[in-house]
Structures are given as structure tokens and as C-alpha cells.
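Please find the structures below.
Look at the two complexes coming up: chain A is in both, with chain B in one and chain C in the other.
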Partner chain A sequence: MDNLTPESILVHSDDIVSREIEGELIIVPIASGIGDMEDELYTLNETGRSIWERIDGKRSLQNITGDLAEEYSATPDIIMKDVVGLAEELLKRKILVIKG
Partner chain B sequence: MNENQTKDQPEEKGTSYVHIGGPISISNKYLIGIIRDVMAHGQMFRFAAPGFSMSPFIRDLDVITLAPYERTTCRIGAVVAFVRPWTGQLVVHRVIAASEDGWRIKGDNNPEEDGLIPHDAIICQVIKVERDGKNIQHGLGPERTIIALLSRWNLLSYLLYPIVKLYSVIRRI
Partner chain C sequence: MTGFIGPETRIQDFSLWDKMKSTRRVLSFDLEITARCNNDCHHCYINLPAGDKRAREQELTLSEIERIASEAVKLGAFWVLITGGEPLLRPDFPEIYISLKRKGLLVSVFTNATMIQKEHVDLFLKYPPRDIEVSVYGATKETYEKVTGSPGSFDAFERGLKLLVDSGVRVRLKAMALRSNLHELPAISVFCRKYTKDYYRFDPLLHLRFDGDAKRNAGIIAERLTPEEIVTIEQADSERFGSLQKNCDKLINENFCHTGCDHLFHCGAGNGSFSVSYDGKFRLCSSLWAPETMYDFRTGTLHDAWVNTVPRVRELRSRDPEFLKTCRRCPLINLCLWCPAHSYLETGAMDACVEYFCQVAHARAAALGYKGPGPYTHESRTDTIGEL
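Coming up: the complex of A and B.
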């Protein structure tokens, strides 16, 4: 996996479909051209969702951290840990890709 | 093939950020949304379809694979997924006749037609059926046209059920 830095900019993969269903964000990966409801699906918890919504291919992880720290009045160090944790997890599963 | 998904929630796994699950309970409305999204990507979609209206060719919870609908390549006998205009439900049934404004569609196991379904209500086409992990060949091959015509003339059940019954007796023996 590529190394993440605070300056990394991530984008949602083209090989997923995400949709909010009854308050939950569900991610359906498209593997080999098939979106498979019988295979693994992903849902994000509230923290994950807040981060996911800010991952737009423009903002760096640092920008996203700053944004969230301001919104939740939390320490950036703690928020960065969450942002990087989620990013690593989703990169590993090819749900996010590093831009550029 | 028009009831809501009613499968059990799988055991959850994943991390503190991401939950990973298998098939989930999802209402018809949201399933339509996901299928539309996947089709908009030009991709296929696979899910267990509940219902008995396409039996015996597609049985309850057979896993079907859907591909984007193309009006020009769709033919009589094709099995399509559409949104029933007056209820908003997702239905998977067979095209039995063509019309300028759409297709006449009917479930193989239904006595009544769904009526004329406009082209824009059709989302996608069934290209594969799996049962117990095996591909089911019957119903989507060249025989689909004959099935559609028999269904249109309401002869399918008269002809099919004796054969299905005979087949099950032979298998038992």
C-alpha cells in the first residue's frame, strides 16, 4: 500500500457505489464489473462517515483533519489518527485511491 | 420477485471505522437506487431475488446477475427488472410481447400480465441465474422465446407443470 502523509489527497474509487440507506452509508464494491450484494458490503460508522463525506479529491488529510477538529472542537492529533486509520482501511480495500 | 429483501443480518466484522457484512436487509426502494447506481456505471449487479412469480425458471432467492438494459438488443423472452409504475416496486419478469411504447411483461408463474411497461421503467436485464452455487441454464437461452409465447397464451403452466412433476418423480425414483 502507498504511504499516507498528511498531505495525501484521496478520492473515492470509481469501482464502488455508495448510498445512504436509512441513515447508514452503504458501500457496494464493484469487483470484476459486478456490484455484488451477496459478497462483502461495507458500512461506515459515524466517525467514518464524517471523514468519508470530506474525501473529495481536493482536500488533503490534513485539511480534512483541520475541518473536523474545528467542527467537533477536538484535538487535531486525535482526529488525524482517525482520519489516517480510516484512510488506510479503505485504501487497503480499494474503496479509496490516492489522487495523482 | 417483488417482495422486500428479508435476509438475516450477517455477523459483523471489520474495524472501528468500517463494518464489513455480507447480504443485508434492504428495502425495495433502496435496492432500486443501488441497482440504478451500478447500472449507471455500466456495470452488472448480483443479488438474491425473493419471490415465486418466475418459478420454475427463477426460484425464490436464486441469485441473479443483472446487466444494463439496452432497448435495441432486448428481445421477446428476455427477463428484465423494472419498476412497476403504479407501485414503485422492483419486479423481475419476462418480456412476452413488443409494443411501440414499451414491452408487455409477465411473470412465468403469474396468471396475469403486468401490462405495458414503458421502456424508461426498465432498469436492467437478467443475464445469469444461480441456484445453490450452480448456473441455471434454462429460461435465458434460445428457449426463452418459446417460453415467452407460451406464457403470453397462458399455456406455460399447462405444459410446464406436468413436465416438472414428471421430472421430480423420475428424480425421486
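Coming up: the complex of A and C.
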């Protein structure tokens, strides 16, 4: 994604609702254009969820990476790759949007 | 692919449902946002006049609906059906619809389509429903309006349906098989298949009104088909009859005769779903109107109803010996319209036998090859178990 940088700040789209059911995070599209099918729902695995929960429209991808690297005692470069990878996936599906 | 996000998941394949079912979660609920309707169908169990002031005043407000829906979502609900009456009679329908969508609910809507405007289509295109289900009462103006009792309703219905379908809104069609439209059922089927590729379904089983209105109940009874007519139209629909044949072993349950159980409820009422009446009553299903089974949302919470009322109602038992040796033991229960809710609407008791239901069930069973005894009579069905 060309316009995604470590300084990018992302926010959850207004056109989705995230819900927790039975310990799972479920993303429910509510408007057209999210996903390809009207019956589609999305789930995130544990790592994806820890990134998702830090995407709050305030923190940059770099900040989120630093936060996760500290929590999981991992190398920031590897974490950043995961954070950007997930962000790209969710941007493509319009589940996340770039703020500003 | 990062592997963080699960693959797109069709909701019917979602493994979470199994987990939810095992924990007595709420999965879905029906929301009757009005009992009023702009049509005056003879067979309808709920319709009150569109201008009924008292009924309108009793309707749940948007904020009451939001409170109930929020509670339902907190208990796990994923689906809601907005129904009526005619839901589009409410000027705040768009606000109700969006509010439910914004809670993360998948929303279905039942409508007669006569009031569909471009604003509704725009709303459904921007915030797609799970589906819109439209009732088709006839394929011609004459028959349609004979059923609806509303001049001009056929043109309004066709205009609304076309608006929805041409815009690409997902529409499913259904029909009630009635005395007034029986001659036109094949034409209704052709009409429906012209508008949608989805399987259209018809329902020949009419139950009585929630308010017990004797005059209107007589009208419903007059619209009922005979058991033979019901079997004939079911057999004429190869898809429907094929499904009945395929599930025959589940529909006719010989083991049911031996349970000796006196519980009234053997259905799924209150198991994962509930219904909200237009005036704020919690019910285990949309047909259940026995006062002792309802709970008032206006003075209580869904949590209370779910945790206390549902188990109490499902624990209700029959002490009627006649019922216990007939309907309660009948292997045809899954082919029968009988249930505690419909029994109450017919007789005022939740454990009464209803002869018409019994005749229909036996006619359907015979069509499926059941060689048991004929329609229920007090003398013939005391302890005879049929054979397949």
C-alpha cells in the first residue's frame, strides 16, 4: 500500500461494528462495500486482535509497533511487518481507514 | 496474507454458532414494531387498522427498541427480524433500521412492499439487509386485492417490489396459500420466480389472531384449506415435497410416543430466540400470547426474562389426561401445526387438541407413506401407534 507509512494513523471504519462473542472478536460489516458478500463476517486471531485493539485513531503504526514490541519482548522490525501486513489487509477491505 | 484475519466467513458456516448454541445465548429475535397495517388481509393474525390510535400509542418507541436491542446484543444476539403489521407504516422505520444495524445485528425485514419508496431502497443499498421478505397474496389485481381488502394495493405492491428488485436489494418472496388465492397458486409461483431466483415458499397453515377477535378468527378459518387441498399443493411443489420426504424420519418420530413426558414445550421456543410484541411484551416465540408466558419489557429487563421467564415457561407441564394420551404422544408432531402457542390461540388452553391441525397432520403423513391411524378422535387415538 503506497500511502501507508510508519507514521500513518488508522481508525476503525464507521461502517463496521466489532463485537466480542464467546471470547472471539467478530467484525460485522454494516454498510455496502465492505467485503464482497453481504453475509460476510470477519474474525481476527489473537495477534491480529492485539493490533486491532491498539488501532484507535490516535496512535501511529510505529507507536503501536513499539507498544507491542515491549509487551511481547520482540524485535520491532518483525512486529512492524506484522502490523503493516494486517493494516494493509484491513484497509483493502475498508474495515480500517487512514485518519486525516 | 498476514494470517491475522480469518478468511471471509459465510455466516451459516460460522463455527461460533455451535459454541453459542451450547451456552444458551440469545442468537436472534423478532421485533414487531407495529401491529397496524395498511392492508386488511382476512387471514392475518395481527393486523390492526393503519389509523388505530390506541395501537399506535402502545407501540415501542425508538429508545425502548434501542434498549431492548442493546440488551439482546449483550446477550449475544446476531440476527433481528423487523416485522409487523407493516413496519414501513412507522415514520421512524429508517432510524429503527439503522440503529439495529449499528449495533452489529444482521437485519431482516418483512414487508408487503406497498409502501416502499426510493428512500427505503437507498437505505437498503447503503446498509444492506440480510434480506427483505415480501408477501405475495395474488398474481392478479383481482385476487391480490380480494385477500388484502385494500383497493389499489396490487399496483402499489408491484411498484414497490419492482423498485426493490431493480435496485438489486436482496428480496425473498413468500405466499400464504388461502381459499381466496388457491386457484392462483401456480400463477403466484410463476410470478415469484420471475422476480427472484431464490426459492419462494408458501405456507398453507393459518393460525388464529393474537387478540382473539371472534369475527376476524371466523374469517381466518374461512380462508383455511382442507387437509386434502394442503396435501395436493404440497405434492405439486416437487422441491417442497422432496424435502418433506427426505426428512420424513425426523418429521415422523415414533420414539416420541414413548417419552411419557408431560412438558408442554418440545419446540425451540426460547432456545436462542425470542419475540418482542409491538407493545413491548417478551414472548418465547411470535405465536405465544398466553398471558402467563409473557413478560413486560416496560417494567423489566431482557436478562430477567431470559434467565427467569424462559426456563419457567419451558418447564410448564400438562395435566390434561386427554392431551397426554393423544397429542403429547403423537409421532406426527413435527408435521402438525399444533404447539402450545397455537393451541392457546385456538382454544384458550395450551394443551388442547385441535381437530383441524390433527386432520392436516394425518393427511400429510399419509401422503408421505404413513400407515397409522386416521385423523384423531377421542376414541380411536388413545393408545394406537402408527407404523411407517
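FYI, the second predicted complex is superposed on the first by the 91 of 100 C-alpha atoms of A that agree within 3 Å, B and C clash if a C-alpha of one lies under 4 Å from a C-alpha of the other, contacts with A are read in each partner's own complex, and residues count from 1 in each chain.
Assume a contact is a pair of C-beta atoms (placed from the backbone, for glycine too) under 8 Å apart; a residue touches a chain by one contact, two chains touch by 3 or more.
Computed from a predicted model, the values in this text were never measured in an experiment.
Asker: Is A:Ile78 contacted by the first partner chain B, the second partner chain C, both or neither?
Answerer: Neither partner.
Asker: Considering only touches as defined above, state whether A:Leu86 meets chain B (first), chain C (second), both or neither.
Answerer: both
Asker: Quick check on the superposed pair: does A:Gly48 touch chain B, chain C, both, or neither? Answer first, second, both or neither.
Answerer: Both chain B and chain C are touched by A:Gly48.
Asker: Mind working out whether A:Ile30 is in touch with chain B, chain C, both or neither, as first, second, both or neither?
Answerer: After superposition on chain A, A:Ile30 lies in contact with both partners, chain B and chain C.
Asker: Residue overlap on chain A between the chain B contact set and the chain C contact set?
Answerer: Shared contact residues on chain A: 17, 19, 21-22, 26, 28, 30, 35-45, 47-48, 51, 82, 85-86, 89-90.
Asker: Residues of chain C touching chain A in their complex?
Answerer: 1-6, 8-12, 14, 16, 19-20, 23, 25, 73, 76, 78, 101-104, 106, 125-128, 130, 170
Asker: Once bound in the complex, which stretches of chain A touch chain C?
Answerer: Touching chain C: residues 17-19, 21-22, 24, 26, 28, 30-32, 35-45, 47-48, 51, 82, 85-86, 88-90 of chain A.
Asker: Using the touch definition up top, name the residues of chain A that touch chain B in the complex.
Answerer: 14, 17, 19, 21-22, 26, 28, 30, 33-45, 47-48, 51, 82, 85-86, 89-90, 93
Asker: Under the definition above, what is the set of chain B residues touching chain A in their complex?
Answerer: By the definition above, chain B touches chain A via 14-24, 26-27, 30-31, 33-34, 37-38, 41, 43-48, 63, 65.
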